[in-house]
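Per-chain residue numbering starts at 1, and chain names A, B and C are given in the order in which the chains are listed.
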């Protein structure tokens, strides 16, 4: 019986597909190899291991006198300031984002170029480096957390308005039609149909953005825009590795707690 | 020396973590070349019984011997070698949907290869031919390079049968092989299983829902209720009343041992 | 109750939702506390001299010095190289790590628990912060940037990828176990085909983020175009800063576009 069996035919080759796959593979490898050229991994400082050890030592043996001493320069106060920057920045950006979102949502306009331009503007805002924005605000209002708040507030619009506009686009149109059928104006539609349906999504996106903002706020200080980043960069410059360790620990705990809270609220929303 | 049974269960008990009893004091012997059908309500422990035999589930007490070797005590490589001799057909086919039919059939052979060879897909020419022949046995030769997700349910189950055939096991466990198929394809799949049993002498142990299919294909029938064997006999000597009794479900529904 | 006897009963009072009031209170108090702490009054921003300063910088940036663009090219290339290397290194580690923390592959809950804890900690650290730390550890230059981006990529990819692994169809894993395959063969035959496209998609996504991140890493000395941001801003050469920013935006938007198109093609 086995003898009557046919031989396995060779795999049919889809030449176009195969060339395509090989091309992608080769390009990828070439790009990776090209990237390795010119970046000298041999030039790492000899003290690298030692410094890493010192930072970890700081995490495990925290300098408690720095954690809280009531001077306003201690870890807790700085973390609090960071949270405030993130909170206010997110608050501002959520408000600014709303009109932008309606501008960029394609279901709200009959003419295609309106939403396209809106999306483009948001893309540009997103790509504008946050740090540079922070520096510009520092020039305007002086170093400190206010500059951080404004920088975050404007930068977050790029991402938040994009999320908002996607939420608007995903809305069902039924309720809108009901309101306009009852003779409602465009403004009526937004307040009576769109907003109530949109609310949970908006809150959820804003909370998500708050998570991101907390992380951003903790680095704005690196350029002098307030928050925990400033003492960190100082500690790095003065080689106070223990201090670096404890600040890192503080940031980690802060972010974990905020993530946990916002995750908890978002879960309750659904 | 007495003839050694192919599968032997000795005082097998399975209690789930949540306290439900899946199997209770099962003693069972199945000889080489038998086509055994296990019938019972869902939740009676049919699946648990089958999945204990190749240890997809561990049992709580007792011992299971496969061709004289204990799978219950086997570990690591030995366990895998025993499993290599037991093919399995699943209700949901369990094919890798994004892989080609050929590659799916070849997975039946992986336990015959060292790890590094399978990683680089280095199957021997003979094995590829064997896989192709298995596909011809189930009439799917023309689909050999098709992606598995493009086949119908019945075709997928036949690919799974070809996979088992390529594995060349001594035993085949079929866990509700026809539950997700229509009657016609079900019969086709059962025919293929019967073919493995008759032409290759493989011992088949199949869970079946349908009494009709059980009657048509089984040589021996085992009735399970509430984790216990309540009937065991030759199909030809089994009156309809036995089936009626098993499916009357006096206490079968209470145990929810199976996932289904 | 008694309402049913009255044919035209009055509108029942709206139930007061206590929690909603609590949330609003939290928001309002949070708002004023934050304003107080950060001193970020809108009046500060809109004070004439402040606002005009800001506008002035902006106007100068909008008149970019194009001759400077050519100077920027070598560092733009270095930036992209950093992003590529960071993505590759981080993704490779994330790939292995994800398999170790997926509960449908590693059954030992202690192992997955500990490894997940470490992952969650790494994920809390933002890119620039990692950059600053690596500059301190390995010294100024692109190597610090590559390390920072590797760690950052790891955090991004590992979370997405292990969640994808945990949602795969368990059937093939069972089938492979039943034929006697070992762990490695199970991964190779049952897990990989199901998730590899997701992995590539996540890597591309991480690459997009990395390109963005790598453009500013130079500001703190971790290599790439960000260095020029810092240099030009220090000497108040805003026209040159403007050029750099435009170059950055072009690169970022271009790579975003390519990457999202490839991801779409992949998922088809």
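By definition in this document, a contact is a pair of C-beta atoms (placed from the backbone, for glycine too) under 8 Å apart; a residue touches a chain by one contact, two chains touch by 3 or more.
Predicted, not measured: the structure shown is a model, and the values here were computed from it.
Student: Most contacts: which chain pair?
Tutor: A-C
Student: Find me the chain with the mean Cα position closest to the mean of all the protein Cα atoms on display.
Tutor: Located nearest the centre of all protein C-alpha atoms is chain C.
Student: Return the distance between the CA-based centres of chain A and chain C, expressed in whole Å.
Tutor: Chain centres of chain A and chain C, defined by C-alpha means, are spaced 5 Å apart.
Student: Using the average of all C-alpha atoms in each chain as its centre, how far is it in Å between chain B and chain C?
Tutor: 47
Student: With chain centres defined as C-alpha means, what is the inter-centre distance between chain A and chain B in Å?
Tutor: Chain centres of chain A and chain B, defined by C-alpha means, are spaced 50 Å apart.
Student: For chain C, which residues count as touching chain A in their complex?
Tutor: Going through chain C, the ones touching chain A are 27, 30-31, 33-35, 37-41, 44-45, 50-51, 53-54, 57-58, 78, 80-82, 84-85, 88, 120-121, 124-129, 132-133, 135-139, 141-143, 146, 212, 215-216, 219-220, 223, 226, 229, 233, 241, 245, 248-249, 252-253, 256.
Student: Under the definition above, what is the set of chain A residues touching chain C in their complex?
Tutor: Touch residues, chain A against chain C: 31-32, 34-41, 43-45, 48, 51-52, 55, 80-81, 84-85, 87-88, 91, 123-124, 127-132, 135-137, 139-141, 144-146, 148-150, 215-216, 218-219, 222-223, 226, 229, 232-233, 236, 239, 244, 248, 251-252, 255-256, 259.
Student: For chain C, which residues are in contact with chain B within the complex?
Tutor: 169, 171-172, 174-182, 184-185, 188-190, 193-194
Student: Write out the stretch or stretches of chain B touching chain A in their complex.
Tutor: Within the complex, chain B touches chain A at residues 128-129, 131-133, 136, 141, 144-145, 199.
Student: What residues on chain B touch chain C, complex-wise?
Tutor: Touching chain C from chain B are residues 54, 56, 77, 79-88, 90, 92-99, 103, 107-108, 110-111, 115, 118-119, 160, 163, 167, 173.
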